[in-house]
Amino acid sequence: MMKLLNTLLKKELVDAIRDKRSVMAVMYYAIGSPLLMCGIFFMLINKFSSPSDLNITIKKSQNAPDLVRYLESRGITHGTGEDLKAITLTISHDFAKDMNQGKPATVTLIADNSEQKLKSSINRVQRALQGYSSEMASLRLIARGINPAVVQPIKVVMEDQATKQSKGSFIFGVAILSIIYAVFICGMNHAIDTSAGERERNSLTLLLSHPLSTRQIVLSKVLAVTTLAMTGLLLTLLVSKAAYTIVPWQELGFTINVSFEFVVLGCLLALPIAIMASTLQLFVSFFAKSFKEAQTYISFTLFVPMMLSIATSYDLAPDTLQWLPVSGQQQALMDFIKGKAIDMAPLMASNLITLLLSIGLILGMEKALKSEKTIFGL
Amino acid sequence: MQLWMLKSARLMKVNKSQWAALLFIGLVQSALSVAAQANLTNTTGEQSSCYLKGLSEKVLCGMVTVPENPNKPNARNIDIHYAILPAIKNQHPSEAFVAIAGGPGQSAIDNAAGFNRTFSKIRETRDILLIDQRGTGRSNILNCEFDNIDALAFNDETVDNQKETQKCLSDLSKKADVTQYSSDIAVSDFEAVRKALGYQKFHLYGISYGSRMAQLYMRHYTQSLATVTLDGVVPMQQSVLAIGEAIDRSVELLFQDCRQSKACDQAFPELKRDYLTTSKRLHDQPYQGKVNDPSTGEPTHLLLTKSKFLGTIRMGLYSSNIRSLLPYAIHQANKGNYQSILGLYSITQSGLDLAMGMHASVVCGEDLPRLTPELKAKADASYFGRSLLQVIEQTCPVWNMPAVKASFSHAIDSAIPTLLLSGELDPATPPSWGHLAEEKLTHAKHFIAPYATHGVALQSCGNKLVAQLVNEGNVDKLDDKCLKKDLRRSFYLNASSVEPLPAKAKE
Amino acid sequence: MIEVKHLSKRIGDVQALDDLSFKALNGQITGLLGPNGAGKTTCLRTLFGLLQPDDGVAEIDGIDVRKDPIAAKQQLGLFPDPFGLYERLTPREYISYFAELSGLSKAQAKDATERAIQMLKLDDIADRRCKGFSQGQRMKTALAQAIVHQPTNVILDEPTRGLDVMSTRLLRSNLQQLKEQGHCVLFSSHVMQEVAALCDQVIVMAKGKVVAVGSPEKLCEMAGETSLEEAFIKLIGSDEGIAA
């Protein structure tokens, strides 16, 4: 039994390695996806951080020269040219008059708050204006012989439980999603090739005509596809480990570091997912009439784990998702990154469900390979 | 958010060394007695996560145990506490940026929030390490407990300094040998922390008195340093008791600035005269009157002495935003309205948290012994210098610190890339002091920020220059252009506004 | 020896096998002759257990395929139609892979593969990948696969389809060789000449039934015709689906 399985597996792997498409699928994903993620993160960082020198339009600045200088000391200046942001600050005509009478003096901030790219810059201008206002409030109180502390009745001391990693948990969720997805993408081509492809090339009947059990055949194929998926995952992890160091995370105030421990844990937790992905893809392909049809069916099945994974990244319904395949393991990985203790019960349940699902699919395939309909694609 | 300025005003004062505290011996007890011992329980050598004042995030705290007296390693041990603000993306794990607080007597760890904000760029790639120097903060703090007194009503000019000092010393002798709290010994603690944490190189930033610590570090452990920034420089050649001259200069610059500002000059045309007459009047007869307590609002009694008045002005000169209120406050005081002075006085009361015992150990061992007759004559010529010296001369005989050797005053001779920062308006460490420190530094640049007060990195773009120095490892490309940008704040023309009415401005 | 007894199989609306019984003996070449749709392929698939008969028994060397498929199949070699080569493997890898699957140990498989390569004169292409092989090269590889483990019984499904003259001759001589070695060779065909030239025994099939069994000469005799072709048409009752 083992000897035959070994022979079958060896052949499957040799076949896969020599298949340009299968190898390309692994390489493209393992190298491409971390680089693509890095590119996206670079863009995000650019988009979310306000430039160190923020150029806006300041109208009637002669009405409040001190305020203008204060803003300038915080890097917000009246400017022109390309990097001018669509933010306009207009100082009211009565600014000085209201100030002198101790009344609130008006400044008008004109900007489109729904524009994502401007958000951080708008916030920054608002914060600076608030800062100026607070400073002035305090000095006005001092000038009247009052300690400004009296208008801060409550001092909120925030003790943030977040760790360096958990601050970037959403981004990390997306990164983990892209890494876990490797097990779905990297084995896919071989899964189709070795099932629908094998039938299309007429070698399936030949194989079945040999003194083997269908279980041996199914297991060898599952193992081969899983091996490819795991190889892809490991490569993706290693490339991510290298690539993520280039991203200037510090500008977002946190860092994403693919540690050695994370690589090991990632491989361990992704193994059941890889097995399930392989069995699912083989199962679907065995029922497809051709290579092309199998590709179409598999792209439908990719949708489900993708949704589970995205939902986990967005932290939607974590209480339910942590028990399910894919999302359960992803949740555990995210907890690990955040430095939280991994909740073992849901993780084990999720692994168990994943493996049971795989076993079910394997049994289904065994049955299918004994059925005339499947063998001859009737 | 609303009280941003309050916080910033406090921070600035806290962050900056205040030799002024000397003047306040016997005056700021109520504030000082609050200074709490560390609430951290920690075992030697281990690090744990902790929260620091003003920082919402978790950072690392730990300590290193050293003998209090290096010559008696088996006698009393003290714990030197430190805090690490971990790098966001640690690209230089073998290096740390070390910010040394002023005072002497300030806790670096208590000022973590300010250092964190100022040096955020550096923290992106390097750990920031804050060490509570021995005798400060969490490291066997030497603070003096005094009876609570009413800061508004009591007469600071009649305090018996000698008695208060004696009481403080006898309290402290239970837990410390105050003679072991000199700068030189403290530097070896810093080096012990460096070794314990496994950093190969430090980038030092010393502000005010911290600049003396940084220079001593350069002298004793050259190999351990990558770069040094001295901000608000106290040169080794200089006894800090020359500060009186610097304060006078800074006050004079305030008058000058007001005269040069059209609106200020119009509003307060005789500012210097107002200042002098008020001082004289209070000298002859301190003001006594009913006021509402600035904090509680309760009617209370105020005794405003000349010393309180001038001390308040002096403290106001430290931060540029409070400085902008001074001409108005002086002018009003001269008219007999002391509300603004009262408000300013009250915030100086809450901002001080110096470890006065440690402060005395440093000043009595390192500064008073170096007071030459010539320097004494100079000090006596200034009101600030004179009154400061008076307090110190009463305090130090009690403290009985061994004097530093003559070699202590030698200029630092070093090739370590060093950036020196001075603020033109600095009421404590004038630019001329920075020039002195530069004398034998072969790879140094000295920048004078024309509109900065004490602590250039904390205002203006000084922090960016420090970050550039740390990243590039040399001073070659540093450029002071950004320091020269005129971002001065306008003076308050009344209790509400800095902007003159348009009609008046057109005249 | 291959024996089927009363095999019946319905596929859809068609009665593909209808109480089919015959025997193929060792040391003989048996031809399964019939027009397209006669049930030849269905019969062969049933022998390999790929199809389950509705009724009847298929035995390989006396082993019921249904009861012990593994043991039965170990005594079988299949030359399929189409060949089912793995294009990314070399003939050597391909042949030894199936040798191992048929129960040989690694070392045995290696030797057996070498033997098969020698026998079929595959040396020059043995270590090239199968992709791009000519039809003749493919046939030889497939045949080597079928006989590598020296099965008692070799089954060939339409072996000469698409082969050129040279390849056909080569195949014939190889089959003769197998027969001389005492194997039981069973092949299906709808080509008369081939059957006439090779077979010791011909089983004529039509509509899932055995129409006639015997040597080519005997069949001619039975039908009272001189050529097998005429005899064949007469036996199956039409000339439908017959290639010359």
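Per-chain residue numbering starts at 1, and chain names A, B and C are given in the order in which the chains are listed.
We adopt the following convention: contacts are C-beta pairs under 8 Å (C-beta built on N, C-alpha and C of every residue); 3 or more make two chains touch, one makes a residue touch a chain.
To keep track of the chains, here are their UniProt names: A = ABC transporter permease; B = Alpha/beta fold hydrolase; C = ATP-binding cassette domain-containing protein.
Quantities reported herein were computed from a predicted structural model and do not represent experimental measurements.
Participant: Could you quickly compare A-B and A-C and let me know which has more C-beta contacts?
Facilitator: More C-beta contacts join the chains of A-B.
Participant: Can you identify the chain nearest the overall CA centroid, using each chain's own CA centroid?
Facilitator: Checking distances from each chain centre to the full centroid gives A.
Participant: Please identify which chain has its centre, taken as the mean of its CA atoms, farthest from the centre of chain A.
Facilitator: C
Participant: So how far apart, in whole Å, are chain B and chain C when each is placed at the average of its C-alpha atoms?
Facilitator: So the centre of chain B lies 101 Å away from the centre of chain C.
Participant: Can you check how far apart chain A and chain B are, centre to centre, with Cα atoms defining each centre and the answer in Å?
Facilitator: 47
Participant: Report, in whole Å, the distance between the mean C-alpha point of chain A and the mean C-alpha point of chain C.
Facilitator: The computed centroid separation for chain A versus chain C comes out at 56 Å.
Participant: Any chance you could list the residues of chain C touching two or more other chains?
Facilitator: Residue numbers touching two or more other chains: none in chain C.
Participant: So in the complex, the part of chain B that touches chain A is made up of which residues?
Facilitator: It is residues 1-6, 8-9, 51, 56-58, 86-90, 124-125, 291-292, 294-295, 297, 321-322, 324-325, 328-329, 338-340, 342-344, 346-347, 350, 460, 485-490, 492-502 of chain B that touch chain A.
Participant: In their shared complex, at which residues does chain C touch chain A?
Facilitator: It comes out as residues 11, 45, 48, 50-52, 69-74, 76, 78, 80, 82-89, 93, 97-98, 100-103, 105, 129, 145.
Participant: Can you list the chain A residues touching chain C in their complex?
Facilitator: It comes out as residues 3-4, 7-8, 11, 14-15, 18-19, 201-213, 372, 375.
Participant: Show which residues of chain A lie in contact with chain B when the two form their complex.
Facilitator: The contact residues of chain A facing chain B are 63-66, 69-70, 72-73, 95-97, 99-102, 127, 130-131, 133-152, 157-164, 248-251, 253-255, 257.
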